[in-house]
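Common to both upcoming complexes is subunit A, partnered first by subunit B, then by subunit C.
Up next, the complex of A and B:
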């Protein structure tokens, strides 16, 4: 037993002497979490997206087109859109330079056709390199089209009168006839205000989960969701590096020298397993502490998290003990370990939200430690004890360790 | 001439050794293809959301206005699912209350409960929301047109809303004619990301190992100078990046109908980008003495460059400050150039600034790699 602890102590001391690789592996998940959180985290302002750059080409240059332009000038719209008036050639150039998501083209005679209640068409030229924002602009213009159509139809007579006024010379226009027409318009406006102030039908929006429970995600919540996935992915990388000692010691001849001492194979295997386990625990705790300090990540009850970390680290150490018992040499270990880790991470939900993945990917995900660690961490955040994830990780870890020990004993004795 | 032949010989040998590695095809082809499928399907999901966004309607209304309002919501791109009660699973849901008609007929305002699943498509939610506002605008304008009559009789006969103002969308002239597929977005991003990762990891580790094992030093016994060895190593890593890119582009063309615009120009962008990554790999391999360090640094740099550069998500949704910071990433310039070629049918002059910046980065990194390159520790 004492010899086992001596080997363990020596292993850990070696790691502490040259910690740079481990530090980099710890820095990666933190950097990735920071980047994703900054990009997808909720922002202080109301709009979830940056203001959408929109170009407006006005071939009409009359009342209706000015109205459209001024509608973008309302405070709420200013937060959503950043409008630049331009011509089509310059618009294309700007779009190609990635400086605009869409270009709205108001046709010639737009106002005149509207005043004659003739159908008119806006052109929305969408930036083909963008996938999301041009559609927002298109939908906004459709809504604006509906509102304009509504106004024109509701005040059709008045609009015709306006057209007549525009086209008739001032001196030949009878102002007295305007009185009754204005009276009619006033009645319509009063009728309209009955439905518009307050709006007769409104929407009361809320974001829900499947159960219907209300949710509002802060940036810290987002970090709390991303970091466990990243942490378990790089836990696998780090523990794999630590456990590779099993093979490198053999290849470098260190193992043969160690076996000339009274050290028994079982003690060496146990020391290596413990070394992987302890390093894994330390790594997870460092990531948890850094996550809390830098991103204000919430982990839930710390004791529960400790249990989950212990189970996940043990699973990882046992898995890589078995893995290194099965591979032939260091090169083979290097070639196969990273693909396995990345496959675990893709299917297990470290790289993206499992709910956004195809069903088949999700089904494979339950075979990975990543999925159980991520699920367990989510459960702890909600205040629960992740009994099932811990049991699955610890249980399968014991099976892996049980398989690894005889296989490694054979490798050491050879 | 013979010198060039010798450099080519060493570079070719490096490539042959790398290609001979069992894991090479997994890393350069199989794994990136998994990424392409995953991200392509995700982007494709976004595309299909553009065709049909789902809305569950719970119509509890005891009158006729509820059905009328649902008719107003119906429009292309919206799939309406009627439900008698609030279901456990939905993406977006609107509830028309029992007194919906009564309140309209009494002229009393009301707020309809509109619920959105926080994890459902934001794009589809935005479409449904705007269509709901459009339906409200249509109903209210019909009410205004109807005037002061008895609203209980409105549905028996009323002036119909006409869409006088219509919207037509299109792409700019001389650009794409069909909506780009999810794979058109995913393949360039994945190719750029994996060139970075693999060239840095493989290229860096082999430089380090060759130095530690004395292979580089032994090369000097041949007619090669240190400069020649450096150039050969650089060329070998560049060839590796290009091999990987070619494999992914061919797979993309055959299986995913990849559209990259001008193929020679796309290869030119890939080539210049691969030079920058080859230099970076030699630089990292010269600086680091441990494999784990190289892997760690390569993963860190490749992921940060890919995330910033727009390889994983559309750059348009990224905050402005992050987009500005992205300009430090060579992946950003490569992706921007691909966008110009793929989506704008750009020519050489359109990507010239991007090529210039990538070349400048390559020159800088090559100078750094050359300065730190050593044949022995």
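Up next, the complex of A and C:
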């Protein structure tokens, strides 16, 4: 026992003396998680588009043009557009200087022509240096035109009365004539109100209420989903590196030298398994802590996570003990280990959501530690104890270790 | 103290040790001399307990070496490879490897300090071994084998690939260990090393000891004769044939290869007769040297080939 702990202590001391490989393997999954989260995560409030700068030239200066101007002034539109009223020459100067995305020109007699139901034309000057924003302004003005046309056509008679009111001097205006016109307008408004209140077509916003899903996925939630997959993938890489001592010590003659001492083969094998296990757990805990500090990842109850980490690390140590008992040399170990880890990670869901994978892939995924660790981590996040993932990882780990011990014993003695 | 009887080990069809027997007493430094493939490393590996599937017996301090695990504490091994951890310091390595034996931790620390002094690494003990030169690494490799004060020290070619200064230092350590009462088996194919270091020499080839004893004992095998080394443009077979009828008259052919042959002659007067036979056989001789008998001559006589073959 004393010698087993001495070998374990020596292995851990060596890791601490040359920690670069482990540091890199811890940093990579954190960096990848950060990148994926930033690229695919939901945007923060402050990252929304700024208001689109629009210049408005009003040659009409009458009711309809004021109506258009005031439509830009409602709260929702203020968030989208920043409107500056200017004259045409100044407007063109500013457009050429790239100070606005678009310039809307309302022609003279715009209101009067509308009231006479004659076709009228807005002019929208777009900034060619910008790709999408001028098109947004153009679309908005097109929609505005459609709405105005519909209103004018629906209230054609009333609009004529309105035109008469505008054109007639106040002293010769007969208020008696206004009564019937307003009466007709009232009837149309009442008829229209049947469709407007309540609206026949309404927009209802609703978010998913699926089991386990949160009402809105924040970026921290996304990190919480990505990091466990990355962590288990790089756990495999790190433990594989640690367990490679089995074969490199053999090739360098250190194993032979150890076997000339009173150290027993079983003590050595146990020390190496423990070394992989302890290193794996330490790495997972460091990644979890870093994930919490950097990305505000939530892991759920720490004790549960510790159990899951212990089971996953044990599985990984046992698997690579068996793997290194079967390969011939360190070159072969290097050549085979990376494809195996990548296959585990692809099928096990470290690289993509298992739900998005074909059924056959998902079936293979249940043979990987990645899948059980990711499922277990999700279960813990929801507050549950991941008994089944832990039992599967620990149970299959014991089977792997039981296969590895006799295979390694044979490899230790020539 | 050590008794090896009829040790036999083969790798498939190749016989690495052939009924090998040997006895060794405390304080004896035995140089095992042999060319590559002679079976030296196989012998060391079996004694160290890292090679199995052999026949024969090995008794150490009256007990079966392979049945009593406790005896491993009495055995020190210096392998051919630099078997230690490069990323650790010399002191850390000594503490780790020493810790695998049943030695109290405080004793290990004291002993590690002493050994670093002995191998002239005291000033570099806290430095990672990866910064060491080849010679320094070899000295550390030797020190690790001595940490637990073994009664039997096995060294497998401990001076391979190092400079003269480091070689001298290691040979000095081996002599010192022997003088302190530790039995030493030391394999090499460097004649000069065994001549200067060992109290006993065994010449080994094809898994067997061909001859053993002190340097003087071995030289006597060749006898009080001069050794003639002949260089020329000739093949081995016609050379041997030309000197065949001189065999009973004080001329002995020790070895003959294409272009190089060695003879032992009872008197220098025999040399003109040898040259005469070679001229008559139309064998071209370009150079000839007369030497005193040495271990190399013994080796040539016993194995029929040079150590480098």
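Here, the second predicted complex is superposed on the first by the 253 of 414 C-alpha atoms of A that agree within 3 Å, B and C clash if a C-alpha of one lies under 4 Å from a C-alpha of the other, contacts with A are read in each partner's own complex, and residues count from 1 in each chain.
In the analysis below, contacts are C-beta pairs under 8 Å (C-beta built on N, C-alpha and C of every residue); 3 or more make two chains touch, one makes a residue touch a chain.
In this text, all values refer to a predicted model and were calculated from it rather than measured experimentally.
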Residues of subunit A touched, compared between subunit B and subunit C (which is higher): B
Touched partner set for A:260, first subunit B, second subunit C, both or neither: second
Touched partner set for A:3, first subunit B, second subunit C, both or neither: second
Contacts of A:140 with subunit B and subunit C, given as first, second, both or neither: first
Which superposed partner A:13 touches (first subunit B, second subunit C, both, neither): second
Residues of subunit A contacting subunit B in one complex and subunit C in the other: 18
Residue numbers on subunit B that touch subunit A, as the complex places them: 21-23, 26-27, 31, 34-35, 38, 41-43, 45-46, 50, 69, 86, 88-89, 94, 104, 107, 109-119, 122-123, 126-127, 129-134, 136-141, 143-145, 147-148, 159, 161-173, 175-176, 180, 185, 290-293, 295-297, 299-300, 303-304, 307-308, 313-320, 322, 336, 339-340, 342-344, 346, 350
Interfacial residue positions of subunit A with respect to subunit C in the complex: 3, 6, 10, 13-14, 17-18, 252-254, 256-264, 413-414
Interfacial residue positions of subunit A with respect to subunit B in the complex: 18, 20-21, 24-25, 27-28, 31-32, 35-36, 38-39, 43, 48-50, 92, 95-96, 98, 101, 103, 114, 117-136, 138-154, 188, 191-192, 194-196, 198-212, 215, 217, 237, 241, 332, 334-336, 338-339, 342-343, 346, 352-353, 355-358, 361
Subunit C residues within the subunit A interface of the complex: 45, 48-52, 69-70, 72-73, 75, 77, 79-85, 87-88, 92, 96-97, 99-102, 128, 144
